[in-house]
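Both complexes below contain chain A, partnered by chain B and then by chain C.
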Partner chain A sequence: MGRRGRQRLVAPFILPALVMYTVFFVYPAVRALWVSLHDWSGYGGNMVYIGLGNYREMLKDTVFRAALERTLVISVGGGIAIFVLALFFAAVLQRNLRGKKFFRTLIFFPMVVPGVGLGLIWQFMYNNSWGPLSALLELVGLEVLDRVWLGPDHIIQSLTAAIVWTYVGYYMVILLAGIDKIPPTYYEAAFLDGASEWKMFFTITLPMIWDVFVVALVLWTIGSLKIFDLIAATTFPAPATSTYTMTIYIWAEAVGVYTPVFRLGYATSLGVVLLIMVVFAVGVVRFLTRREAIEY
Partner chain B sequence: MKSRKLVSLILIVASLMVLPLLATQCGPAAPEAPPSEEEGEEVAAEPIKIVYWSMFSEGEPLMKELDKATQEFMDENPNIEVEINWAGRQVLTQLQSAIAAGTQVDIVDHSDDRVWNAIVKPGLALPLDELLEQDAYDSDGAWKDTFKPGALDIGKSQEDGHYYLIPRDDYISAFFYNVKMLEELGIEPSPGDMTWTEFVDMLETIKTEKPDVSPLGADGPVSFYNNWYHTYLSVRLAGKDAFREAAYDKTGEKWGDPEFLQAAKMIEEIQGYFQDGYEGSVWPAAQVQWVNSEIAMMFCGAWLPKEMSEQTPEGFEISLFGFPEVEGGEGNDYVEHWANTYGVLKATEHPDAVGKYLQYIMSKKVGTRIANLGTPVPLDGVPVPPALENQFKILETHTAMPARAGLNTEIPEYMENVYNMCDDKFFQGQINAEEFIDCLKTESANFWAKSE
Partner chain C sequence: MSTQDAEFTPVTSGMGWRHRLSNLPYYVVLILWAAFTILIFLWLVESSFKTNVEVFGSPWSLPATPLEAASANYEKAWAISHMSTYFRNSVIVSVVSVALVVFISAPAAYALSRVPFPGNTLVNYYFIAGMGLPLQLILVPLFVLLARLHIADSLQGLILTYVGVSIPFTILLLTGFFVTLPTELEDAAAIDGCSELAIFWRVMLPLAGPGLFTAAIFNFISMWNEYLLAMLIVTSDTLRTMPLGVMSIRYSMQYTADWSGLFAAVVIVIIPSFLVYITLSERVMAGLTLGSGK
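So, the complex of A and B:
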């Protein structure tokens, strides 16, 4: 079959997906861009075109800047913790250990629980009056380490810890899938040559799962900037204004939390910026992690 | 070249599918025809469906009562079908999409500031003056005369003088206390005229006499609750108008007036009386501690007794007193008063049926049943829930003002991103009184500059 023939054959298969994608992604994205150029409460058709007014406002918006900083702290700090732990667990659980399936399942388990449920669990965990964390510290005589976990001084760290606990299993499974594909002969040869565990990890494991690692990193970059449910549920009914992250701020501006701030136009412009941030961050990650693929 | 043709073909087909959507979304909404006289007559004749989107979720006590009342109404008016969407507290979020999609919604309810900003401000609400002039369901007089004096002002526009909202349950904000605990200490708070000095003395007595009890409770992450203290004290000291002027001052310098700093200093004076870790106490943790007698009192809206009714142990007696007065203050007579309200979309095709329905569910008969659930109802002759008797005493002796002197409704974005942002840091102990005032000055100037 010639090229033309192949194209004729392919087109009908692509078309339904393309139409769906256009209707459910491209159109809303373009529409969001259009809405972001308006002052609009979200109610009725009284949109007022203000050009780049929302974006100019954002440059002077201190709540936006603070929310952005907190989001980046969660993304970078949480990312480092997640990948260190995920690589560690993946490296350990690739071995023929007794009960490794149980531990894999156990570490992955938080991912099967909805974010809202996890948030409520963590809200309970962090409660200073009846939560198990403070109680445990008191039980072992470490009250001095107890903190107001969801207070303004510690809430971002507490949320980051909850996020790391939730997602580490997911990334561990992705990395394990890559590790499982590495032929054992490489390790056997390295072992015979007297390579240490660390040496084998850095010279065999990591280089050979690099592509998988990069995919996982990209997924985390996208996901971490957009995390909403876990944060919203942990701080339910709402975090204090001084502890907003980007997604919470978008929500608060669009539909209000307690105060009836209905600014769908501005919230949409924040969403557009978040989308640009995601695309930019993925580009940076791809650039920083580029290297020749190893074939084996 | 051929592949370009293929891409073009795909794009054309995709565009054809998207264009109708664009046309419906971007085009101006078709003008709503005003309801005619004939439509009014059809109430008695043709089957009519009206749609009410409720702030309640399935299973809530008020939902059950409203559902029952609605069924009664439909039995009495077989030609009117009332369809209710029990949407829950995010009902107004869903309303955004419903309006955009042209879905029929005739009635919505929520707190007055929310309904006001959602449908009255954008001009989507129906004025209800005519409905209020009609006879009440179970009274010889006009419907408006069945409400407690001043209750309807909550939904009255200052701009055009029309009534847009009907209050269903109304609230003041006040200190709610454990009656037995305070009685044990020989304390009987005066409901409406306690002074700040007496208040602080009372807190000190509780702290001294009951060291295992926190005199005050708060769920610190809730900005909307935190800002009660500074707004009330500012209004008490400087007066309502001065407080409002400070918020509207485009330079932010008005916050430098000594009364606002004094208000902040007075809060610093009582911060040590809150429960340990109040700054990270996630709602409703402090409220639970209160009904468990670990906290003596907390400042809240009058929904608190009802909200905590399921967790409240038997025999736990609740009462309330208004925010304390300050010596020489300019605004000692104010009390916050607001309500959960019904609003009607002006796009409704059946205003008469909607009116008839609202008159029924806001009748003395249904109102009494709602009040018996522990909810204060602003209708004359309806019983007052025992825990809230003082609410109505305070309302009789004080001047009602909307939430946060009206600023929550008028400039919610300022309140959220300037006032609450600074106040949270201050209330939660991250900054001191002086830094709080500096924050208000700087952020106010910044807010108004970016808004221009």
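So, the complex of A and C:
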């Protein structure tokens, strides 16, 4: 079709989005690379060029290293829990059991709730002097299991549990969409051959949804490194440095969680590290999960 | 089970109770998880119907004077803690940002998905790259930029920022919709002498209606819930959005420990998301997960 007129639409159609995106997202991101090479304390002060000084400081910064570790623990540990559960739920809900829609909708629901709301709920839940969790353990005579849930020794497990509960529905729905596309005839054939449910799961379901699974894994990898609202609200208003994750540490340095810190250059260099982690992690996930596509 | 069910689930149907019984443990796990989720939110609502003494003294007991306690808590949250103002700000910011981002992303997505032009793929990649950018990266330069433009600590600044950072995903989502539309209608309209603008506006945009709606819902929920950028940009009390408002109530509680009032505020924040979700759950789930299918 010779529709030359269309070409003239391209610029006016694309430019508004291009400009808004460039000015309010890309420009600050590119600018951040430059800011990260500076020492800059306070929005009124001057930027002092220090080259890779901020990055060298990180190597000696024990708070940074611990925050990085916590972030990775949440990403890997939480990721394993989420994908085991999401695959499990998706496989169970794949059968048309009564209330399938109800369960799917309910398990997804925490994703829709503001993260700060969830975090404040968990902050109270996990409070070991008056929270319901500790009260429940006492009620059933299991005080030995009681912990300082949000103390430095246990906070990462506590946060990871809350994160798994929040996000599992999201990955379940993605995997379920993949499973629903598998032709039922595969299962019929396997069933007639006497395959067990487990066998069918590993030989039919998992290989057939592999591409969807990889996409879900990439999404989790990116998302998990950036989780902020839920963690910030759970530890609000005064998280101890011994409970920082990367996102909380960046926030603390850029604005100050309790009292202003305003180490703007350093905070921005931490943001650059977060970006590098995202890019690197996505690359690793894609490398580890690469394989020949199975033709059925 | 109906015959239709049997057709789609050969695995469980027609195998008798023995087989279904062996599936019981799976269902139990599922039901426990669902019950836990319901319990959390019921507990939250129930706590907002209690006095502070009850909340602290007996977190698992039922409220003694639900109506009195609730009216006190919700009155406090809505009026004294200014949740009514925060609610209005959140509505303004979310509605205007959603309208803007869909309005400027739809033509761009249309051009990118249906008009071949030099550099098309490159521009597409440029937009998609934004999906990987963490918001933590842009905090400091963004604030400086908004201050230079004299829109730091303003709803305009927040709206423009929300639009900017939401464009990548919105374009990705809408491109996915435009690609699937048939070309016949477009071509027919062109042969009939429709202008290219009219083809987009009168033919393609209505066809992409479900996609626009999904994009709008997705953006509305993300913006309604957004906390990090709002906290960076807004500092005035009167300009706070709901998430900021709830957190500011929590902040002031260091002196009052008024948890029951806070629970009422948390319920108020959750209600709009909850209402949107129960009426449009399929759309919401589709919107939030759609980009993943591409």
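FYI, the second predicted complex is superposed on the first by the 266 of 296 C-alpha atoms of A that agree within 3 Å, B and C clash if a C-alpha of one lies under 4 Å from a C-alpha of the other, contacts with A are read in each partner's own complex, and residues count from 1 in each chain.
In the analysis below, a contact is a pair of C-beta atoms (placed from the backbone, for glycine too) under 8 Å apart; a residue touches a chain by one contact, two chains touch by 3 or more.
As the structure is a prediction and not an experimental result, all values here were calculated from the model.
Peer 1: Once the two structures are overlaid on chain A, check if chain B and chain C clash or fit side by side.
Peer 2: clash
Peer 1: Which one hits more chain A residues, chain B or chain C?
Peer 2: C
Peer 1: Should A:D61 be classified as contacting the first partner (chain B), the second (chain C), both, or neither?
Peer 2: A:D61: touches chain B, not chain C.
Peer 1: Just checking: does A:T243 make contact with chain B only, chain C only, both, or neither of them? Give me first, second, both or neither.
Peer 2: The first partner, chain B, only.
Peer 1: If we overlay the two complexes on their shared chain A, which of chain B and chain C does A:P114 touch? Say first, second, both or neither.
Peer 2: Touch partner of A:P114: chain C, not chain B.
Peer 1: Kindly classify A:L139 by the partners it touches after superposition: chain B alone (first), chain C alone (second), both, or neither?
Peer 2: So A:L139 only meets chain C here.
Peer 1: Quick check on the superposed pair: does A:S41 touch chain B, chain C, both, or neither? Answer first, second, both or neither.
Peer 2: The first partner, chain B, only.
Peer 1: Return first, second, both or neither, reflecting whether A:N128 touches chain B, chain C, both chains, or no partner chain.
Peer 2: A:N128: touches chain B, not chain C.
Peer 1: Is A:F13 touching anything from chain B or chain C once the two structures are fitted on A? First, second, both or neither.
Peer 2: Once the two structures are laid over each other on A, A:F13 reaches chain C alone.
Peer 1: Considering only the touch criterion stated at the top, classify A:L264 as touching first (chain B), second (chain C), both, or neither.
Peer 2: In the superposition, A:L264 contacts both chain B and chain C.
Peer 1: May I ask you to decide whether A:T235 touches chain B, chain C, both, or neither, giving the answer as first, second, both or neither?
Peer 2: Only chain B is touched by A:T235; chain C is not.
Peer 1: Once both complexes are aligned on A, which of 99-107, 225-233 or 261-269 in chain B overlaps with chain C?
Peer 2: 99-107
Peer 1: Across the two complexes, find the residues of chain A that touch chain B and also touch chain C.
Peer 2: Touching chain B in the first complex and chain C in the second, residues 3, 7, 14, 18, 23, 26-27, 31, 43, 236-237, 254-255, 264 of chain A appear in both lists.
Peer 1: Touching chain C in the complex: which residues of chain A?
Peer 2: It comes out as residues 1, 3, 5-10, 12-14, 16-18, 20-21, 23-29, 31-32, 35, 40, 43, 85, 88-89, 92-93, 95-97, 102-117, 120-121, 124-125, 130-132, 135-136, 139, 165, 170, 173-174, 177, 184, 187-188, 191, 197, 200, 212, 215-216, 219, 222, 225-226, 228-229, 232-233, 236-237, 246-247, 250-251, 254-255, 264, 267-268, 270-272, 274-275, 278-279, 282.
Peer 1: Which part of chain B faces chain A closely enough to touch in the complex?
Peer 2: So the residues of chain B in touch with chain A come to 2-3, 6, 9-10, 13-14, 17-18, 21-22, 25-26, 28-29, 90, 92-93, 95-96, 99, 111, 113-114, 116-119, 121-124, 220-224, 226, 276-277, 279-283, 285, 289, 294, 408-409, 412-413, 415-417, 420-421, 424-425, 428, 430, 443, 446, 449-451.
Peer 1: Under the stated contact criterion, what part of chain C meets chain A in this complex?
Peer 2: 1, 5, 7-12, 23, 26-27, 29-30, 33-34, 36-38, 40, 43-44, 47, 55-56, 58-60, 104-105, 107-108, 110-112, 115, 117, 123, 127, 130-145, 147, 160-161, 163-165, 167-168, 171, 187, 190, 195-197, 200, 221, 224-225, 227-228, 231-232, 242-243, 246-247, 250-251, 254, 259, 262-263, 266, 269-270, 273-274, 276-277, 281, 284-285, 288-289, 292-293
Peer 1: For the complex, which residues does chain A have touching chain B?
Peer 2: Those residues of chain A that touch chain B are 3-4, 7, 11, 14-15, 18-19, 22-23, 26-27, 31, 34, 41-46, 56-57, 60-63, 123, 126-129, 148-155, 235-243, 252-264.
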